[in-house]
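Chain lettering (A, B, C, D, E and F) follows the sequence in which the chains are written, and residue indices restart at 1 in each chain.
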Amino acid sequence: MTLTDLANPTKFLALTARILPWLAGVTAILLAIGLYQSAMAPDDYQQGATVKIMFIHVPNAWLSMFVWGVMSVAALGTLVWRHPLADVAAKAAAPIGAAFTFLALVTGSLWGRPMWGTYWEWDARLTSVLILFLMYLGLMALWRAVEDPSRAARAAAVLTLVGAINIPIIKFSVDWWNTLHQPASVLRMGGSTLDKAFLWPLLVMAIAFSLLFITLHLAAMRNEILRRRVRSLQMMQANRVAFTSEVGTGSRDGNASQEIGAA
Amino acid sequence: MRLSGRNLKCVRGGREVFSSLDLSATAGEALAVTGPNGAGKTSLLRVLAGLLVPAEGSMALEGGDAELSLPEQAHYLGHRDALKPALSVVENLSFWREFLGGETEDAGRCLAAVALDHAAHLPAAYLSAGQRRRLSIARLLSVRRPVWLLDEPTSALDAAGQALFVGLMRDHLASGGLIVAATHLPLGIDARDLRMGGAA
Amino acid sequence: MSALAALIRRDIKIALRVGGGALIGVLFFLTVTVLMPFAVGPDLALLSRLGPAILWLGALLASLLTLDRLFTADHEDGSLDLIVMSRTPLELACAAKALAHWIAAGLPLIIATPVLGLLLNLDGTATLAVGATLLAGTPALTFTGMIGAALAVTLHRGGLLLAVLVLPLSIPVLIFGVAASQAAISGSLPFGTPFSILCALSLASLVIGPFAAAASLRHGLD
Amino acid sequence: MSLGPYASFIVTSYALVAAVVLLLIVWIIADYRRQQAHLKEIEASGITRRSGRSAADIR
Amino acid sequence: MRLSGRNLKCVRGGREVFSSLDLSATAGEALAVTGPNGAGKTSLLRVLAGLLVPAEGSMALEGGDAELSLPEQAHYLGHRDALKPALSVVENLSFWREFLGGETEDAGRCLAAVALDHAAHLPAAYLSAGQRRRLSIARLLSVRRPVWLLDEPTSALDAAGQALFVGLMRDHLASGGLIVAATHLPLGIDARDLRMGGAA
Amino acid sequence: MSALAALIRRDIKIALRVGGGALIGVLFFLTVTVLMPFAVGPDLALLSRLGPAILWLGALLASLLTLDRLFTADHEDGSLDLIVMSRTPLELACAAKALAHWIAAGLPLIIATPVLGLLLNLDGTATLAVGATLLAGTPALTFTGMIGAALAVTLHRGGLLLAVLVLPLSIPVLIFGVAASQAAISGSLPFGTPFSILCALSLASLVIGPFAAAASLRHGLD
C-alpha cells in the first residue's frame, strides 16, 4: 500500500471500507474511557464541577483549528498537484470542522456564564474563533455555490489558504492581547502546567475526538467520492443519449471524464 | 514557425469534450476548425489560448520567440469582444494596443483598415453588432502577433466587412502568420480543415 | 511598465466616467454616515464617541461594495481573457487594477472624511486621526477585497457572497483602525502600536492580495 | 458525583456535544445511503463504468 | 393578417438611424431586412418589438387579435438569449412557456424539434454557442405567436441546425405566421428583401 | 396569474440554487452584526442599547445589496426585453419579482434575527420586537429598493448607485423601525404609533414601487 495507491479513488474506497469499522470501534472505546475518567475527575478548587466542561471544550477547540489545518494541506494538494482526492478531502472536512467550531463556541459560552458571568464577550480569542466559524460557513456556501466541483475546489483552496492566517491569530491571541480567556496551559513551551488529575482525562478525550474526526472525515470523503461518481455517470447518461441522437455526426467514445469516480 | 498540439484532451463541467486530438499548422497556413454545435471548437481555441487547462496533452509554438509562451504570442478573438461601452472607439483600441505591447501599429490606421475611422470618437456603447466586431478585428492589426485564434470571426459582419476581413487574413498569412479559426461558414481563404465530431 | 500604466489609466478613466464610481462610493459613504445617527438616536456625546467607528464602518462597506465588479466586469466582456493571455504577469496586472480602484474609490473617501467628521461632531484631532488611519488602512481593504473579487469571477457570483468571504478577512483592519483612532482621541493609550499594526496589515495584503487573486483567476477561468 | 450549582450548564454542554456528533453521524450515513440508491438507479438504466464493474460496488 | 409600419424614424444616442421607412408583410410572408453593419436592422426590429420608441411614425398588426398590441403578439429573438445559466435547459424553456402564456406546446416536443432533448437536464451554463441558439429557437415554438422578429437567427448554428431552422420557419409561414428577420446571410426561404442603407 | 406564479417560482429557484442568495444574505447579515462590536468596542451595555439599531442597519444593507441585480441580471441576458413585451402588465411583473426577492432574501433575515439577538445580548422582548418590526418593515425596503434597481438598469450602473438612490427613501422605514423596537423594549413609549406608521409605509411602497419601477423600465430600455 503506497501513497500512489491511496491516491486512486477506487483503492481508497476499498481500503477505507476495511479500516472504518475498526476506527469506529476504537473511537467508541476511547470515548467511553474518556467520559468515565471525566466523570471521575475531582472538582477544581477554583472552578468547582464546571471544570468538567473543559474535557469537551478543549478538544473541540483544538479540532476546530486542526481541521482548518487539514483543509489547508488539502488546498495545497488541489492547487499545486491538482489532485482530485485533495478536493474531496477539503470538501468533506468543512462541515465537520464547522460542527467542532460550533461546539467549541457553545461549550465555551456555557462555561463562560459561571466563570465570567457572561455568555459572550468580544475579546480576541472568542472573536477569532467566531471568525473561524464564519469562514467555515463561507466556505460551505462557496462549495454549494458552484455546480462544477473541480472549479469550486480551486476557489475554495485559495480561500482556505488565505483564511489559514486566522489560525495562529486564534492560537496566540491570548498572548498578544490580554483577554478574559486563560492562556495555554497544556500545549505550551516548557511543558504543561495542568494538574495530572485533569490532564489525563483531557488527553484521552482529545485523542478520542481526533479519532472521531478521522472516522467521520473518511466516511464523508467516501460519500463525496460516490457523489462524484453519480455525477459523472449522470453526465455519461446525457452524453450517451446525445451520441445516439441523429443530429450528431462524427464519432466519440461516449465515456465520461477522468474525473474522480469514473475509474 | 509551427504550431502543434499533441494528444489534447479537454474536460468541461466534468464532461469530456474531446480527447486524443492532434493538430499542427505551419507559418502561412490557416486551419479551419469545423464541426456541429457543441463539438468543442470554442473549447479547443480556449485551450490553445491558455484559457482552459487541457486534461491531457500539450501544445507548443516551434520557431516562435523562445522566451514567450504560446498564449503570449497569440491573439484571441472570441464571442465576447473586450470593449468597454464607456470608452470611445479609439480609446478602446489604444488601450489594448498599449496593454498588449510588442510591435504596434498606429491606432488610426487600424481603424481605417476596418472602415471604422469615421466612428473613432463614438462611445463603444453606440456600436452595432457588426461595428463591434470590426473594432475587435482592428485589435488584431494594432499589435503584431504571429498566431491568430478566431472564434466565428465573420459572424455579424456584412458582405463588405467579410471581404475586407478575408483580405486582412490573407495579408497576415502572407507575412508569415498562422490562423486557427472555428467556423460554420466558408472562411474565404485556403484553409486546411480540422473536423471535430460530437453531437448538437 | 507602460502596459500597467495603460491598465491603471483605463480603469481610473472608466471609474470617473460612467456615472463616477468614485462619486458614488463617496455618496454611499455619506449616506451610511448620515443613517447612523437615525439608527443610534440623536445623542451627540454618544455620536462623537462612536464617530471613528461609524466612519470606519462606512469606509469598509463602501470600499467592499465597489470592489464587487473589479474583475467580473472585465470577465463578462472578455477583457479578462486578454489580460490573462498577455505578456504582463497576472500578479502585476491584478495589483495595477487594485491600485487604480484604490485611487478612484479609496482616496475620495479619505478626502471626504473631514466633512463627515463635522456631521458626527468630531473635533480636529479626531478627524485627523481617522483620516490618517483610513489612509493607512484602506489599501489593506482594497487588496484583501481583491481576493474576493477574483473568487467572484471563478464562482460566477458577485455581490454578497463576495462580501461574506471577504469581511472576515477585513475585520482585523477594522479593529486596529478604530483602535488607533480611539487612541489618538483619548490620548491615554499609545497611538503608535495599533497604527503600526495597521500599516503592517496593509503591507502584508499588498503582497498576499495580488498573488491570491492571480492564483484564483488562473485556476478559475473557463 | 455531584455537579454543584452549575449542573445544568455542564449537562447542557455534554448533551449538545452528543447531539451535534450524532447529527453528523446520521447525516453521513443518510448521505451514504442516498448515493448508493442513486448508483443503483443509474445501474438499472444500463450505464456501467469504464472498468465494467458495477457502479455500486465499492470494494 | 398584415404587419405594417409607416414613416418610421428612429433616433439613438442623438443620431438618426433611419427615417421615413415604410414596411409591410402579410400572413405567410417573410421579410428579410438586409444592409451593411450599422444600417439600423437591429434598431428596426426593436422598434417593432416595442423595445424602442420610434421618434416618428407608427406600426400596426391588422387582422391580429384586436385586444393585444403588436409586441404582445410577437416573438423577439435577439443577440442576448434570455437564458439563466443556473436553470436547466428544460427549466429555462418551461419558464418562458408559462410566463409568455397563450397557446402553448409541450416543452419536451419543442426541445426535440431543435435536437436538444438529450441535454434537457443540463444546466444552461454548459451549452455551447450553437446549443444556446437552439434553445432560444425552441422558445419560439413553445408558445404560438403570429409574428416572429428575428435578429441574425442563424448565427452560431451549424449546417444541420440551419437546415432545421429553415424547416421551422417554413412551417411557421405555412401556418399563417409572418417573419421579419435581420440577416447578412441568405435566409434559406423565399423572402421579400427590405434593404436598409447607411455606412459601416 | 400563472405567468406571475411562474415568474415568482423561477426567481426563488434561482435565488436558492446558485449558491443560495438567501443563505448568503443571512451570512452577510451575520457578518455585519459581528462587525459592529469590533467597531463600537466590547461594551455589552452599549451593545444591547444599540442592538435594534444594529440589526435594522444590517437588515437594511443586506436587503438593499441583494436587490442590486434584481433587474440588471434580467437585462443583461435579455430576459427583461421579453418580460416587457409579454402580455403580463409590467407593473404586476415587477411586483412579482419584488415579492420573490422578499421571500428569498427578506424572510430568512427575519428568521435569523433571534440568533443575532443573542450575540448582541438582547433579551426576549427586544428580539421579538425587532423581529416584528422587521417583518412589517422589510417589504417596504424591498419595494422601494426596487425603484432603484429599475433605475440602475436604465443607467447601466448597479450596486452602489442603487444604494445611493434608495437609501434616502428607506431612511423613514429605518427610523420608525428602530423607534418601534425601542418603544417595545423601554416600555415607556407607545409601540403602536411607530409600528402602524411602519405598516403604512410598507403598504404605500407596495403600490408606489411597482408603478415607479415599471415606468422607469419602460422608458429606460434601449
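The rule is simple: contacts are C-beta pairs under 8 Å (C-beta built on N, C-alpha and C of every residue); 3 or more make two chains touch, one makes a residue touch a chain.
Computed from a predicted structure; not experimentally measured.
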From subunit B, the most remote chain by mean C-alpha position: D
Relative to subunit A, chain with the most remote C-alpha centre: E
Chain pair with more C-beta contacts, A-F versus B-C: B-C
Centroid spacing, where centroids are CA-atom means, of subunit B and subunit E in whole angstrom: 29
Separation of mean Cα positions, subunit F and subunit E [Å, integer]: 37
Distance between the centres, which are taken as Cα means, of subunit E and subunit C, whole angstrom: 45
Computed distance of Cα centres, subunit F from subunit C, in Å: 24
Multi-partner residues of subunit A (each touching 2 or more other chains): 127, 131, 134, 138, 141-142, 145-147, 238, 242, 245, 247, 249, 255-256
Sites on subunit D at which at least two other chains make contact: none
Where subunit C touches two or more other chains, by residue: 18, 76, 155-157, 161, 164, 167-168, 171, 222
Residues of subunit C defined as touching subunit F within the complex: 18-19, 21, 24-25, 27-28, 31-32, 35-36, 38-41, 50, 53-54, 56-57, 60-62, 65-66, 68-69, 76, 155-161, 163-164, 167-168, 171, 174-175, 178, 182
List of subunit D residues in touch with subunit A within their complex: 1-7, 9-10, 12-14, 16-17, 20-21, 23-25, 27-28, 31-32, 35-36, 38-39, 42, 45, 47, 49-51, 55, 58-59
Touching residues on subunit F, where the partner in the complex is subunit E: 2-3, 5-7, 10, 13-14, 17-18, 76-79, 81-88, 221-222
Residues of subunit B that touch subunit C when the two form their complex: 12, 46, 49-52, 68, 71-72, 74, 76, 78-87, 91, 95-96, 98-102
Residue numbers on subunit C that touch subunit A, as the complex places them: 147, 150-151, 154-157, 161, 164-165, 167-169, 171-172, 208, 212, 215-216, 219-220, 222
